[in-house]
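Each of the next two complexes has chain A plus one other chain: chain B in the first, chain C in the second.
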Partner chain A sequence: MSNPASDAPAGERDVALACAILKQRFGERLQTGKSIREQHGHTLSWLPNQPPDAVIFANDSQDVADIVSVCAEHKCPVIAFGVGSSLEGHLNAPQGGVCIDMSQMNQVLEVQADDLSVRVQPGVTRKALNTYLRDTGLFFPIDPGADASLGGMAATRASGTNAVRYGTMKDNVLSLRAVMADGREINTASRAKKTSAGYDLTRLLVGSEGTLGIITELTVKLHGIPESIAGGVCHFPDVESACRATIQTIQYGIPIARIELLDVSQVIASNAYSKLGLKELPTMFVEFHGSDSATAEQSELFGEIVRDCGGSDFEWTKDEAARNKLWQARHDAYWAARQMRPEAEAVITDACVPISRLADCVEETRKDIEANNFLAPMVGHVGDGNFHTMVLIDMNSPKEVAAAKEFSERLSARAIAMGGTCTGEHGVGQGKTRYLRDELGDTVDFMAMIKQAFDPDNILNPGKIF
Partner chain B sequence: MSNPASDAPAGERDVALACAILKQRFGERLQTGKSIREQHGHTLSWLPNQPPDAVIFANDSQDVADIVSVCAEHKCPVIAFGVGSSLEGHLNAPQGGVCIDMSQMNQVLEVQADDLSVRVQPGVTRKALNTYLRDTGLFFPIDPGADASLGGMAATRASGTNAVRYGTMKDNVLSLRAVMADGREINTASRAKKTSAGYDLTRLLVGSEGTLGIITELTVKLHGIPESIAGGVCHFPDVESACRATIQTIQYGIPIARIELLDVSQVIASNAYSKLGLKELPTMFVEFHGSDSATAEQSELFGEIVRDCGGSDFEWTKDEAARNKLWQARHDAYWAARQMRPEAEAVITDACVPISRLADCVEETRKDIEANNFLAPMVGHVGDGNFHTMVLIDMNSPKEVAAAKEFSERLSARAIAMGGTCTGEHGVGQGKTRYLRDELGDTVDFMAMIKQAFDPDNILNPGKIF
Partner chain C sequence: MVAGASSNDASELLQQQVLDSIARSRPLNIVGGNSKAFLGAVADGDALQTSNHRGVISYEPTELVITARAGTPLSEIEKLLAEHRQSLPFEPPRHSPDATIGGAVASALSGPARPFAGAVRDYVLGCRVINGQGQQLSFGGQVMKNVAGYDVTRLMTGARGTLGVLLDVSIKVLPVPEQQITLESTIELPAALATMQKMKGSNYPVTAACYHEGKLSFRFAGSEAGLAAAIADLGGDKTRDTSFWDELRDQQLAFFNTDQLWRLAVPSGTPALDIAGEWLYDWAGEQRWLKTTASADSIRETVARHGGYAQLYRAPESLQASAGVEHPLPDKIMQLHSSIKQSFDPHSIFNPGRLFPGL
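This part shows the complex of A and B:
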């Protein structure tokens, strides 16, 4: 099976003509300045910038359909842009083309409180949504590190610290509207909580990274804000005992809402950046959601498990300010890590393995980091078997760049060998294409068949996934 | 877009030659007797029987790959059979062909206790799996009425009474192995709990009803058996107050495990069949899973909500025998209903709507039943907005059959108009093809593109979904 990215050679494309036609239609809403183009190719990734030829600010789904229709006619690549917090080069334009900036499509369209769902435009960010919802008693739980847009989060199948309890975007999207490569807008599913009505196009578009359709509207699940939230910190002599405590907690059926591991290097970084004063040991941030008595009971029970596994006392609190400080520090882990070497770039890995193999995978990776003398703090969504190392490298040193690439390659191979994946929540983008076939073999051919069927001219975000 | 079912006319197929070749390969494991063929086209559905030309009992995935390869060469239809509990004619062979009986592929291959998952062959039934797991402290929660096979449950995206807490098959399959139409066996995903590694082929195959690939192995999630289970019964003056209580319970964040509604007619049926002695009012069966104190707290809280909504006292217990009697009765609802008119067939509907519209949908449906003088008990997975009516009709009365078809059509239209679906958990099969486009419009074209790409000769379960 050939690579769909090569099926429509750039030579046949007429990007300039498409842009000229779109300029007539969109006027000042189509921008071609160098800095705006570079900004729209830019992500939090270390991959080199490949700007699009033009950026158009869409106001509604009709704009998106019009842009895609013109681009389809001229085989011009189209890339959707949320806030630019992707980590795998999803927004780069290796074959040029048009970037559709979705930030103006930022309306919350309808809160369906009785159904615990909300209909939003794709440019709404997770924080904006929760601010909008603050009087409803409901919240949207998915929390990647950045304040990402919901469209972007769906496109990359994002998750975050709450996933152990609330799942990922895969689990929290009820239905999508999307403009397909032929310009048609489709609705992937009804609003029903369950459905067996044909192929699951909702889950097919979630995680398709803009290569099968451009998301123009989402209906996502909401959850009641828990009556009580308890959380706290504990530390462990080593990563293995932390993993053992996690496995026991989940097996016991304690409905833990967040369980995050920081390695010693990250604790040092976060102590400095977020003024935490934590002991320099593998450390866990934990949270429970439920009734007042349930969260207390769960905290006590978890504390017993931690002690059984050789960990410290589990210090927990229901105090909101203390909890917020902790979780702000967790979400700032990326910036804390970067502060350890401010002039460096961070290469962020995203391995995810069956939880039974997490301690092994983390330990081998730790040894690899030490053998290479990397500065590479590590954080883990330990309840899901997913962890990130942030390898801080000098992009002007070819030696460091090469070493980091080889490290990333070894880590992907290690995770795959343990029955895991090279990407738990960041997506394939440009950065992981080389590992996808290692992980899934011929299965990638069937993904490519879908791409070929839906987008035969390969105009939607070309050069990604495949 | 043309209907894929018509793309490969039956005339080009050479079913007889495929069967002859397979007979050489499989000997006595290939059966062509009339009764065995009819039994393999038969389901719990009222749709007329369309038997395959041959039935082959597969021992392993190599058998399945061999059968599909021969059938692919001769464009012979292939239909996978689990236990035959489908309700929408999924197992019928309208174009003839070969049925692969998966019942011999019934091994539990590996319990991965630390990962809360298990690897099984597709012929393992849900009850057999839970029997196998009984010493592990783990269980598999998905419970359609029948003791279905896991392969069949995945293929139809099945769920049941536990779905409100544990989700459907979509949420509980980690990865699948499947033989595709070209005879290749693929693995849809790693064993990692989370993944962003390309298109979600796991979720694409779940619910694809054997039309995209034949499932040869599943890795599914397990859950810890709760420390404590509390459950009980309450009744309501009307369906609307029952629905209001359900909405409030979910909004409040009470992690209810099961919440099932029986209408008056079903209560009468279950009283007679299961000797329950319940008041003849809309009745709810409810269950909570958690710690001893949590389930007690939840039961009390739920009782308050029920009273606030005008319901009865909520009588609950932790006694296992009492709970088992209740849930056996719930799973026997189908047989209890049929006992009301033993000579009749049951036309089972499967509408699912946003929970905010459930009371309206049930009420309008109830009026429709009364206007038609149907005997049609109703049960509802009320936490998911999904309910089933069992219309008992005399299949020898063309008038009754026509009236039931029209009723089913009105119900599907009603659910769709309310933002819901014509099928919450039974699938499309042959029975719901006519409603799929009403529900999803052009979206069906994109489903058909996938079918066309994966199975261009339309050999896999032709005549279903499309």
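This part shows the complex of A and C:
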């Protein structure tokens, strides 16, 4: 089947010339050392490294526009780089080209407290933003495990443990400035953010993985820090009962802020890495946000649901230190898992299914893991029907690599068959391109047409998504 | 799965009509319940009726997701949801009893809850469409999170039918609050705007805020006991009657009885604007309805100065033609619109000019 976006006019690309012109313009800010290029072409993916030809550190949107203009003229690939925490080879440079490192564009530009929004440069990380907001009574809720950049998070439509209450990047980006493939910068929405006339360019760019434009500024929603936060832990005899408790909680309309599942293998990993001392049973971490009385009421109600579903030991606390320890451990789940087999790489899956199918999907996946004898801890954003397995494999063993690939394929097919998706939050990058057609069919060709309309020479992050 | 009252799959028929139109190069006006015929310029073309393509395809109350054919009346969907104490959180206006879910998504209009609960775009999870090549395509899905490729679902939302025919939509729904209370007080405009602004940033569970005819109204979700602090803070009369909000949502208040109406969207914190006329302030002041004889240019100029924009929501045809419905877009943005339109609808079959002239 023809796929316009991947038929790159590679013959016409002149990467060397583009780099030479950019070197004159950027001097020392353009780097071509091997290690710096490899750092920017690989990051946390288990896919093989494909470094760019040069890395440029941009200081402002004019730099980005200048780089893209030069690259457009010479059909040179351009790849934006946030902090490099993406997991599907999003940053690989299969056709070489220029990587724009956005880390120097790290200014918080304007807190609009009245409007519960903030304008930031794309290199600001989620933790840096929340540190900046410390004294305002406001916070930014999207929290992928890594301390990712806001630009990277928008580009991957990221979510995190708070998504069940606060949504994902698609719900929290109000408007964007972005440099398009011809080097021109656009603003996707006016200051009146509640409505916009015309097509939703903001949401088209959110999740486009750097293939439609390079984000140079974001306005994102903020939320008031809740008066009270209560959090806790509980155990379940099996994953099925934990899923049942989740469904009941949501159906009762309890506005739970976080509800995260760890399977036994992950509990063992996190106990060792984060010194938690949890019982070795399927475990749920939860959190409630609201007024003092509301969080107390919600915690009690949730406790009843846990008991009804056969769970045990639900204890909740408002103590900040205890809560922080718990959530830091949740965010460190990936590192904890890798610690179980330090020499191995982690192949991470990202299935998302309707919650009524979550227990089935997890159970079948569990059996698959056992049948393959994998070491593969599992964590789930159960409130959204999304879960990850981290299959720890020896990259020097072709047998293990092949088995992990096949496992990951079966899991994607399983999720798609259950009415779900192969990627709930990590995105397509290079790693999931193969499954996209299984999931979307001809729709992929149609998306490729949009790509071609926006970027006819396929210079923006080529080889991704399609 | 809960089946709808009357159910009919007309997608093959609709697809055939689209293919015929492409073959004959005849534009199509996509019509649901035709409750928003006034919105945007309607071009010369054949009508494509979606109202026979109707019925709820699936509804899982435990999943908080409903999937329905585009021609399903909003009233039917809301009735079904209400039986399970759930609702469409964005409160789409029902300009007439015939309004369909497809029309609500295509026009992306949201009701009084908008600034607090979110917009249509925040709840649409997936859709199936017929594009301008006559192909049926599906985007998104029924799960809460999906990052498999471009977010085309949200591009379709609010495109006013210019990109394709919506066949089915999947929408996230939410439980209805157990109790709702409205507080009303008589107050001057500047104080009302300031109070609405303050309440929006408060910890209180506000679900709507409107200023109309000297009266400031707030709607809250929660019990009287739970709202004691808000009630003490704001004062005013309390009522459980929600009819004011329904009338506001559906434009049934006397104020809306007019054939010339402007809708202004302004940034939060915008003061009263210096345009003579009658005003109604919804969305905590961010959406303003205006009846005026002032010229379109002067209105658009004033609103733009405050970072907002003005839409000619209802107007006699002559004014609609001379003033245009929407604020014109910057050139580069318009170019991107054209390339999107070209990808979806290369033969310019769907609703030409309904959103912007020439699109």
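Just so it is clear, the second predicted complex is superposed on the first by the 457 of 466 C-alpha atoms of A that agree within 3 Å, B and C clash if a C-alpha of one lies under 4 Å from a C-alpha of the other, contacts with A are read in each partner's own complex, and residues count from 1 in each chain.
Everything that follows uses one rule, which is that contacts are C-beta pairs under 8 Å (C-beta built on N, C-alpha and C of every residue); 3 or more make two chains touch, one makes a residue touch a chain.
Everything numeric here is computed off the predicted structure, so don't read it as measured data.
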Partners on chain A (chain B, chain C) - clash or fit: clash
First, second, both or neither for A:291, with chain B first and chain C second: both
Chain B versus chain C as contact partner of A:223, first or second or both or neither: first
Contacts of A:454 with chain B and chain C, given as first, second, both or neither: both
Touching partner for A:353 - first (chain B), second (chain C), both, neither: both
Partner chain in contact with A:247 - chain B first, chain C second, else both or neither: both
Touching both chain C and chain B, counted on chain A across the two superposed complexes: 112-116, 156-157, 159, 163, 167-168, 170-171, 180, 184, 186-188, 190-195, 197-201, 203-204, 206-208, 212, 224, 226-227, 247, 250-253, 291, 293-294, 352-356, 381, 384-386, 419-428, 432, 436, 439-444, 446-447, 449-450, 452-454, 465
Chain A partner contacts - residues on chain C that touch it in the complex: 60-65, 114-115, 118-119, 121-122, 131, 135, 137-139, 141-152, 154-155, 157-159, 163, 174-175, 177, 197, 200-203, 226, 265-269, 283, 286-287, 307-309, 311, 326-327, 329-330, 332-333, 336-337, 339-340, 342-343, 355-356
Footprint of chain C on chain A - complex, ascending: 112-116, 156-157, 159, 163-164, 167-168, 170-171, 180, 184, 186-188, 190-195, 197-201, 203-204, 206-208, 212, 224, 226-227, 247, 250-253, 291, 293-294, 352-356, 381, 383-386, 419-428, 432, 436, 439-444, 446-447, 449-454, 465
Footprint of chain A on chain B - complex, ascending: 112-117, 137-138, 156-159, 163, 167-168, 170-171, 180, 184, 186-201, 203-204, 206-208, 212, 223-227, 247, 250-253, 255, 289-291, 293-294, 297, 301, 350, 352-356, 381, 384-386, 415-416, 419-428, 432, 436, 439-444, 446-447, 449-450, 452-454, 465
